[in-house]
Amino acid sequence: MLHLTIFLIFGAVCVAGAVNLLVQRHPINSALSLIVVMASLAVEYLLLGAEFVAAVQVIIYAGAIMVLFVFVIMLLNAGEEERTKGSRVAMIFGIPGMLVGSGLVAWVLLERSGTHAVEAGALPGPPKTIAWLLFHEFLLPFEVTSVLVLIAIMGAVVLAGHSDSGGPAKKEG
Amino acid sequence: MNGAAQVTPQAVEYIRILPEIVLTIFGIIIMMLDPLMDERRSQRTLGAVGLVGALAAIVATLYQSQYPGVGFWGMVNVDSFSVFFHFLVTAVTAVVILTSYEYMEVQQIRAGEYYGLILFGAVGMCLMSSAVELVLIFIALEISSISTYILAGFRRRAAISSESSVKYFLLGSFATAFFLYGVALMFGATGSTSIAVIGQVLASGQPPVLAYVGIALMFVGLGFKVAAAPFHVWTPDVYEGAPAPIVGFMSTAPKAAVFAVLLRILFEAHAPGRLWLIWVVAALSMTLGNIGALVQDNVKRLLAYSSIAHAGYLLVAFAALPANGIPAAMFYTASYAAMNVGAFAVVSHLASAGERYVTMEDYAGLGRRSPLLAATLTIFLLSLIGIPATGGFFAKFYVFSAALQANLVGLVIIGVLNSAVGAYYYLRVIVVMYMREARQEVPVSPVPLGLGVALAISAVATIYLGVLPGRVLEYATRSAGDLLR
Amino acid sequence: MNSPTLDSAILTLVTFIPMAGALLLLLFPRRDRDIRIFALVVSVLTFGVSLHLPVYFERARAGFQYEINTPWIPTPNIHYHMGVDGISMWLVVLTTFLTPLCVLISWKSIHERVKEFFILLLIMETALIGVFVSLDLFLFYFFWEATLIPMALLIGIYGHERRVYAAIKFFMFTMIASVFMLAAILWLYAKLGTFDFVAIQTAIRNGQVDGWVGAAPWLFLGFFVAFAVKVPLFPVHTWLPDAHVEAPTAGSVLLAGVLLKMGTYGMLRFNLGLFPDQSRSNAPWIVTLALIGIIYGALVAMVQPNMKKLIAYSSISHLGFVVLGIFSFTQAGLDGAMFVMLAHGVSTGALFMLAGILHERRHTFEITEFGGLATPMPVYATFFSFIVLASVGLPLLNGFVGEFLVLSGAFRAREVYGILGATGVIWSACYLLWMYQRVFFGKVTHDVNRTLPDLDMRERLALWPTAVAALVMGVAPLLWLNAIDPAVQNALAPFAQLASKVVGQ
Amino acid sequence: MTPSLHLVLIPILPLIGAAVNGLLGKRFSRQAVATVALAFCGAAFAMALWIALRFSSLPIPLTEYVAPWIRAGSFQADFAFYLDQLSLVMMLVVTGVGFLIHIYAVGYMWEEGGFYRFFSYLNLFMFFMLTLVLANNYLLMFIGWEGVGLASYLLIGFWFTKDAAAAAGKKAFIVNRIGDFGFLIALFLLIKHFGSLNFADVFGTIVENSTQYPVETAGAGLLTAIGLLLMVGAAGKSAQLPLYVWLPDAMEGPTPVSALIHAATMVTAGVYMVARSHVIFDRAPMALTVVAIVGTLTALFAATIGICQTDIKKVLAYSTISQLGYMFLACGVAAYSAGIFHLMTHAFFKGLLFLAAGSVIHAIGGEQDMRKMGGLRDHIPATFWTMTAATFAIAGFPPFAGFFSKDEILWRASQVSLAYWGIGVFTAFLTSFYMFRLWFLTFFGEYRGDQEATQAHGGIHATGSRAGVPAPHGHSGIHESPKIMLIPLAILAILSVMGGWIGAHRFELFLAPVFSSHQTAHLVALTSEQAGQITAMEHLEWVFTAISVAAAALGLYLAWLLYRDRPQLPQRIANALGGFYHAVANKYYVDELYAVLFVKPVVDGSTSILWHGVDQNVIDDTLNDSAEAARDVSDSVRHMQSGNLRSYAGWVALGAAGVIAYMIWMGTR
Amino acid sequence: MVPLSYYLVLSGILFACGVTGFLIKRNIITIFMSIELMLNGVNLSFVAFAAQWGKLSGQIFVFFVMVVAAAEAAVGLAIIIAVYRTRETLNVDQVNLLKL
C-alpha cells in the first residue's frame, strides 16, 4: 500500500512537473520543472528496484544534462517565450493525433499488457551485476557509445566554437 | 548463443566488426592530425586519410565476408546481408569524401571534423546493418544521426545551414524517441531486444498487441529516417540547407542502413501486420514526393522530394513477399545510392562558393558550357526517372515485379504512374541544361580529379547496375536467404 | 554466304553497328565535316548489312528467323532474344533505310553541336531497330524506352521555337503511357517467370496462366495504351503535331517514319499475339477510334496553316489506316496495315525531308509564306509532287497498295469500316493537293521566294531513294508482301475462327 | 493460241516516252522532245492497228498475263491485259485520236515553256488510259482510272502559275476522288463476295450461278449495290450529275488536253467501265435505271448551261458533259454498243471541236470569249471548215457521224421510255442551238475583239517565240494555224463526217460477242416477248429520226435567228428571263452551292470545331488543365512544407497516430 | 503492490507530455527539453518492463539511453547556439527560412 502511495505521490509530482514544463513560458522554469520530473522519476526507479539507474538518473540526467541546459539558457539569455502563431497544423492535426495515439497506447497498456504487479525493489539492480552485463553482453554497445561521445564532442566544438575567421558569424543565405 | 558462457570476445568476433574498427581508427587519426596541420594543407591530407580509411573499410568488409557469424554475445551478425550494406555504406563514404575535396576548399569548411564525422557516421551506419540487437541498433542509429545532424549544420555561417541542422536535429530526436519507445514496448512484449529472439516469439502464435504497438512506433522512427510519408516533411528543408555533398551522403548511406534495419525488423523479426501499413505509406510517399517535386525550382529541394518518392518506391518492395521483396529493396538501395550520390556530386560542384547556384535557372545551358558534366548528370537523372540501361530502371523493375508477385497490382499501378509523373521534373532539369540558354553568367569551374573520379564511379555503377544487374541481384537474393534463415 | 554464325549474329550486328558508331563518334574531334561523313558511313553500312535480312530471308517460313537467344540477366530471367519475321524484318530495313537519309538531310541544317546530334541519331537508330527485333518482352521494353531519350533530346535541342514544350509533351505522353505496358509486362513475368515472347505466347494459348481471365483485359489495355499513344490514336494524338513541328527534320523523319510504327507494330505483335480474345472483343471501339483518327486527322490536316503540322496530322490519318487494318483481323487488312506502315515511312519521311529543305531556305513552315515555288524550284516541286501523289495513294505508288488492302480487309470484316475508312482516300487528296497548290502553284507571292535555290546534289541524293522506293513499292509490292503474308497468316491463326464467323454472316 | 501479242507494250510505250521526256527532256531540244513523244505514241497506235488487222485471227477474248502485282492471302490482282472487241475499239480510239492530238499539240504548244513536261504528261496519260482500257481486272483498271485522273490533274494545272489552272486541277482530282470512293467500295464488295477482281472470274461467277445472282428486279441486292457504286465512280470520271463540276473548270488546261482528255478519251472511261461491267448492270435493273436517269438529266442540264456560256471552251465542255449524258443514257437502257458507238463518234467530233477551238484561240492570241470573236471565217478558213463539219456532226445532221450514234441512242431509249426520248430530243435541239450559236458567234459577223490583244499574243502564252517556229505567227494579227495543227484537224474532220457510216447495227454486231454472250435470260425473254412489237415499230424509227433531225434544224434556225439575224434579241430575251437567265448563265450556282454546302462547312468545321475545338480546347486543354491541376496539387503539397518545425512535428504525430491505430486494429482483430 | 500498467501509463503520460511540448512550445530549448521528457518516459517503460520480465538488461538500456541523451544534449545545444548566432532568436516559428 505504501508502495502504491509513494508511486502515486511521485507519479503525480512527475506529471505535474511535466505539465508545468509545458505551461511555463520562461525556459528556465521549464528546465527546473524538468529537473523535478527527473528527480521524481528517480524515486520511481527506486521503487522498481533499479538503484543504479536511479542514481545515474540523478547524477547524469538531473545533474549533468540539465546543468548544460540551464547553462545554455543562461548563455543565450533566452527570454520569455512569445506566443507566436506559427503553426496551425500542430494544433489541428498534431494535438488530436497525439491524443488519439496516446489514448490508444494507454488503452493497450492498461488492457492488454497483463495484470502484472511489481513489488518494491522487485528486481534489484546492484551496480556489480549491471557492470557484469555491461562489460560482457553489452560490451559492444558500450564501446560504441565512445564513438557517440566522440562525435558529440566534435559536434559541440564545430558548431558552438568560434568560426574559423574568429569574428562573429556572418549571416548568409 | 556462444557468448553467454565466455568471458571475453574471441578474435574472430573482432573481425566481425572490423570495418567499424577501421573506420573508427581512421576517424581518430584524422582528429589527431587536424591540430597538427595548418588549415590549407589539412584539407587535402585529411581528405586523403579519410579516403584511405573508407577504402580500408571496404577491404575490411571484403575480408570480413569470409567470416560470417554472430559476435559479441549476439549483438552483431555478419552475413551476406550485412556485408552488402557495409560495402554500400563504405563505398558511398569513399565517393562522398572524393566529392568533398573541392567543396571543402570552395566553401572553406574545416576539414578535420568534417571527415572525422563522416567516418564516424559511417561506423554507425555499418553497425546498423550488422546489428541484430535493438539497443545496439539504437546506438548505431544515433551515431549516424547525430553525425549527420552536425554535418548538416556545417556551413555555420549560412543561416539556412544551421536552420537545416536544428530542424533535422529536433525532428530527428523526436522520431528517435518514438523508435526508442517502440523498442521499449517490444522489449515489454517479448522480454528481449535481440531480433532473433523477438522473431522466435513473434513467429510462435498470436503476438501480443503490445508488439504491434512496438512495431508501429519503431516504424514511425525508422520511417522518419528514410523520409517516408507522412514522416517526410523534414526532408526538403534539411536537404536544401545542408551542404550538398552531405546531402548526397545522408540521402543514401544512412538511408540504406535504416532500410537494412527496417528489413531486419520487418522480416527477420517477423513483424506482423505490415502489409497495408507499408502499402499506404509507400503509396503516399511516392505520390507526395513526386507531386511536391513538380514545382520545385531549387535543384537540391527537388532532389529532396525525389528522395521521398524513391523511399516510396523502395517501400513497395517491403510490401512484397520477402523472398522477392528483400533482394529488390537491397538492389534499390544500391542503385539509388549510386545515382543520388552522383547527382549530388554534380550539384555540389556547381553550387560554387556559398552554394549560390542551386536553382534550375543556374543549370541553364550547362549542356553547352560543360557537356561532360551535363551528360553525367543526365545519366543520373535518367536513372532516377527509371530509363532502361540505368540502375534506376532495374531497381524499379525488381521492386514492382516483386510487388506483382505478391499480387499488389494496385500499388504497382500507383507506382508506375508515379514514376511516369516523376519523369517530368527530372526531365525539366535535363531540358534546362540542354535546351535553354543561360540568362546569367554562371561560372563553371573545371572538374577536379577527385570529383571526376567520384562521378565516374557513380556513373559506372549506375550503368553497370542497369546493364548487368544480375550479379548484384543474385547476391542480394542470397542475402535475403541469409536473413530469412 | 548464308552461314549459321552470320545468321545468328546478323541482328546483333544490325542493331549495334549504329551504337558502336555513336561510341566512336564520342571520341571524334569536333570537326563537323568528318563527323557527318562518319555518321553517313556508319548509317549506310548499317543499311548495307541490314539488307542481308531480306536477301536471305526464307519467304515462305512464317516463324522467326535469324534468331539469337542467349541468357542476359539471370534474375530476372532476361534473355537476349532477337529474331525477325516477315513483319518486323521490313521495319528494321525501313529504319536502316531512313537513317542515312536523315544524316544527309541534316548535313547543313545542323551546324551547332553536330557531334551530339549524330550521336543521338545513331543511338536512336539502335534503339529503334532493337524494338523491332526484340523477342524478349524485357528487351523490347528496354529499347522501347530507350527511344524516348534521344528523340526528346533531338526535339528539345535541335528543334524550333517551342521545342522545349514539344519535347516535354512528347516525353510525358509516351512515358506515362508506356508505364502501363511495363506494369503488364511485369505482371506476365510475375506469373510466368519469363519474358520470352514465344514462351509467354505458348503459355497463354495453352491456358497456363492463373488469374488470366480477370487480368487479361487489363493487360491488353496496358499494352494497348502504350501503343495507342505512340501510334497515335485519336484522343491521345495531340503530342504528335507539336513534336513534329518543333523537331528538326531528321527527328521528324524518324518520328513519322519509324517511331510511330513502334505503336502499330506493338499492336500487331503483342496485342494480337498475346491477347487474341481481348483484341477481338475490344476491336469495335478501337476500330472506331481508328476511323475517327483517319477522318479527323485528315480534316484537321486540311486546315493547317503550317506545312509540317499538316503532314503530322496526315500521319495521324494514315496510321489510322494501319490500326484499322490490324483490328480487322483479315489477311488483307493486316498485310495492308504492314504495307501502309512501310509506305508511310517512306513517303512521309520524304515529305518531312522536303519540308525541312524548304525550312532550311526560308526558316518557316507557314504555307502562306510560300506560293508559286514551282517556278524557282522546279526539281523540288517535282519531287514534292511525286511524294504527295505517293502519299495520296495513287496506284502504282506505294501508298495505294497498303490502303487498298487495309480497306478491303476492313470492308470484309464489316462494311461500314471499309466505307468510312475509304473516305480517307478523298480527304488525303484534299489536304495534300490543296497544300501543294498553295505552296507551288500560282505566281510567286513573296519576293524572297523568287531566288530560292533548287535542290543541290546532296538533297537530291537524299530524296532519290525515297522516290525510287515509293515507285518500286507501288509497282512490285510482292517483294515485300511475300514475306509479310506468311507472318501475318501466322499472326492471324488464332483469329481464323473469327474470320470464318464474319464471312459466314 | 497466239503465244503473245505483247499487249503490255501498248501502254508501256507511251510510258517510256513519258519517262524519257520527263527525266531527260529538259536537256532535249523541242524537236527531240516532240520526236520522242510522237514516236512512242505513234508506236502504240501502230501496234494497236496491227492488232486490229490481225483481230479476226485472234482467239477473243484474249488475256495476257504479265506479272503478279498484289497478293494477300487468297486475293490477288496481277498485271494482266485483256483484249476483246470492246477494248479493241477503245484502244483504237485512244491511240488514234491520241496520236492525232499529239501531233496537233506539237504545233500548239511549240512556244510554251515546259514543252517537255507537257509531252511527258501527255504520254503518261496515254499510258494510264491504255492501262484502263486493256486491264483484265478492276484493280488494274483502277490504276488507269486514277492514273488518268493524275494526268488530267497535271495537265489542267500545266500553267501552274495561273491560280485558276492550279485550282481547277486540284478540283478535278478531288471530285474524281469522290467518284473513286464509290468505285473503291464497289471493288471491296466484289472482293468480299467474289474473292477476285478479274473480269473473267467475277462475270463468270455471276453468269454461271444465275440462281445465286438473279436479276434483281425484286429489290436492291448485291449487284445493284455494286452497280450503283460503280456508277458513282463513272459519274466522277465522266462528269455526270452531280459530280460534273470539275469538267468546265478543267478547260483551264491547254486546249489539246481538253481535246484529248476532257473530250475524247478520259471522260469516256466511265462509259467504258459501265459497258465493261454490263454483266453486273444487266442483273441490276434499278442501277441501270439510275444510270439512264443520271445520263438523261445530265444531258439536259449541261445543255441548258451550254446555251449561256460565252467562253468557247466552256461551251464545248458543257457540250461534252451533255454528250456523255447521252452515252450513259445508252448504257442505262442496256444499249451498250450504242453508247460505245457514240463514244467513238464523239471522240472524233468533239476532239475536232476542241482542236478547232484551239486553233481559233491560237489564231486570235489566246482569247476565249466568243463575244470578242466573230467573222473569223475568212481569216482561218481551214479551221472554219473543219469546225463546221464537227458542228454539224454534233448537232446530229445526217450524214455526219453524230447523227448515226445519237439517233441510235434515242431510238433505243424510246424503247424503254418515251420520257428519255423526249428529253433526249429536246437536248438535241439545245445542242444544235448552242453549237450553232458558237459557230455563228465565232465565224460570222464582224470581228469584235480588239486588235491589240492579238498583238500581245495572250496572257497565257507568256513565253516568247523562239527560233524554229514552223509558221510565222503571233505578232501579225489573226492568222491560220500551222500545218502540223491543221493536218489532225483535217483527219478528224474526215472521221467526223464518215465515222458513223459503218452504222450502228454493224457496230453492234461487232461488239455483240462482248455484250450478248452474257445476255441474261430476262432480257432475252423481254425482247422476244416484244419482238413483234419491235418490228411493228420499225417504221416508227423513221419518224423518230425525222423528229430529231427536225429538232436539230430548229436549233440551227434559232441560232441563226438570234445570233446572225437579230443579234440584239438575245439580250432582250435574257432580260426578259431575268433571274432564270442569270441562274443558267452562272451554271445554276452549283459551284457556289457546293461551296456553301460542302466545302465551307468542312473547312470551317475542321478549323473551329475539330482543330481549335477538339484538339486544342478539349484534348490539349484537358491535358494542360490536368497538368495545371497537378501543379496546383503540387503547390498545396508544398504547403505541407510550411517551414515550421512544429507543423512538421504535427504531421509526424498525426502519422504516428495513424500507424498506431492501424497496428492496434491489426493486433486486436 | 503497484500494477505494472500504472508505471507504463505514467511513462506514456510523460511521453505524451513530451510530444505535446514539442507541438506547442516555441522556444527551441524548451522543445528540446520536451524531447528529454519523452526519453524519460521511455526510460521508465524500460525499467518497468525489466521488472516485469525480471531481466536486468532493461536497466542497461536506460543507461545507454542516458548516454545518448547526453550526447544529444551536447550536440543539440551546440546546434541551438549556432542557430542563435545566425538568427538571433530561439523562436521556432521564426526559424523558417527553409520552406515550401
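Every chain is named by a letter (A, B, C, D and E) in the order it is written, and numbering of its residues begins at 1.
Just so it is clear, contacts are C-beta pairs under 8 Å (C-beta built on N, C-alpha and C of every residue); 3 or more make two chains touch, one makes a residue touch a chain.
All values derive from a computational prediction rather than experimental measurement.
> Could you tell me which chains make contact with subunit C and subunit D both?
Neighbours common to subunit C and subunit D are B.
> Once every inter-chain C-beta contact is counted, which two chains account for the most?
Comparing chain pairs, contacts are most numerous for A-E.
> Based on mean C-alpha positions, which chain is nearest the centroid of every protein C-alpha shown?
Of all chains shown, the one whose C-alpha centroid lies nearest the global centroid is C.
> Farthest chain from subunit B, comparing Cα centres?
Measuring from the centre of subunit B, the most distant chain centre belongs to D.
> Greatest Cα-centroid separation from subunit E: which chain?
Farthest chain from subunit E, going by C-alpha centroids: D.
> Indicate the whole-number Å distance between the mean C-alpha point of subunit B and the mean C-alpha point of subunit E.
For subunit B versus subunit E, the centre distance works out to 25 Å.
> Cα centroid separation between subunit A and subunit E, in whole Å?
Once rounded, the distance between the two centres reads 5 Å.
> Indicate the whole-number Å distance between the mean C-alpha point of subunit C and the mean C-alpha point of subunit E.
That pair's centroid distance is 64 Å.
> From the mean C-alpha coordinate of subunit A to that of subunit C, what's the distance rounded to whole Å?
That gives a centre separation of 69 Å.
> Residues of subunit B touching 2+ other chains?
Expected reply: 135, 139, 142, 146, 149-150, 153, 156-160, 162, 165-167, 170, 174, 188, 208-209, 213, 236-237, 421.
> Could you tell me which residues belong to subunit D and also touch two or more other chains?
638, 640-647, 649-651, 653-656, 658, 660, 664, 668
> Residues of subunit A that touch two or more other chains: which are they?
Within subunit A, residues 86-87, 90-91, 94-95, 98, 101, 104-105, 108-109, 112-113, 137-138, 141, 145, 148, 151-152, 155, 157-159, 169, 171-173 contact more than one other chain.
> What chain-chain pairs meet the touch criterion?
Chain-chain contacts present: A-B, A-D, A-E, B-C, B-D, B-E, C-D, D-E.
> Which bits of subunit D are touching subunit C when the two form their complex?
Interface residues on subunit D, with respect to subunit C: 67-75, 139, 142-143, 146-147, 150, 153, 157, 160-163, 165-167, 169-170, 173-174, 177-178, 180-181, 184-185, 187-189, 191-192, 602-603, 605-607, 610-611, 614-615, 619-620, 623.
> Within their complex, state which residues of subunit C touch subunit D.
Touch list, subunit C to subunit D: 235-238, 241, 296, 299-300, 302-304, 330-332, 335-336, 372, 374-375, 389, 394-396, 400-401, 404-405, 407-409, 411-412, 415, 418-419, 422-423, 425-426, 429-430, 433-434, 436-437, 440-443, 475-478, 481-482, 485, 489.
> Applying the document's contact rule, which stretches of subunit D touch subunit A when the two form their complex?
640, 642, 644, 646-647, 649-651, 653-658, 660-661, 664, 668
> In their complex, what parts of subunit D are in touch with subunit B?
Result: residues 630-631, 633-635, 637-638, 640-641, 643, 645, 647-649, 651-652, 654-656, 658-660, 662-664, 666-668 of subunit D touch subunit B.
> Would you tell me which residues of subunit B are touching subunit C in their complex?
Within the complex, subunit B contacts subunit C at residues 327, 367-368, 371, 382, 385, 387-389, 393, 397-398, 400-401, 404-405, 409, 412-413, 416-417, 419-421, 423-424, 427-428, 430-431, 434-436, 468-470, 473-474, 477.
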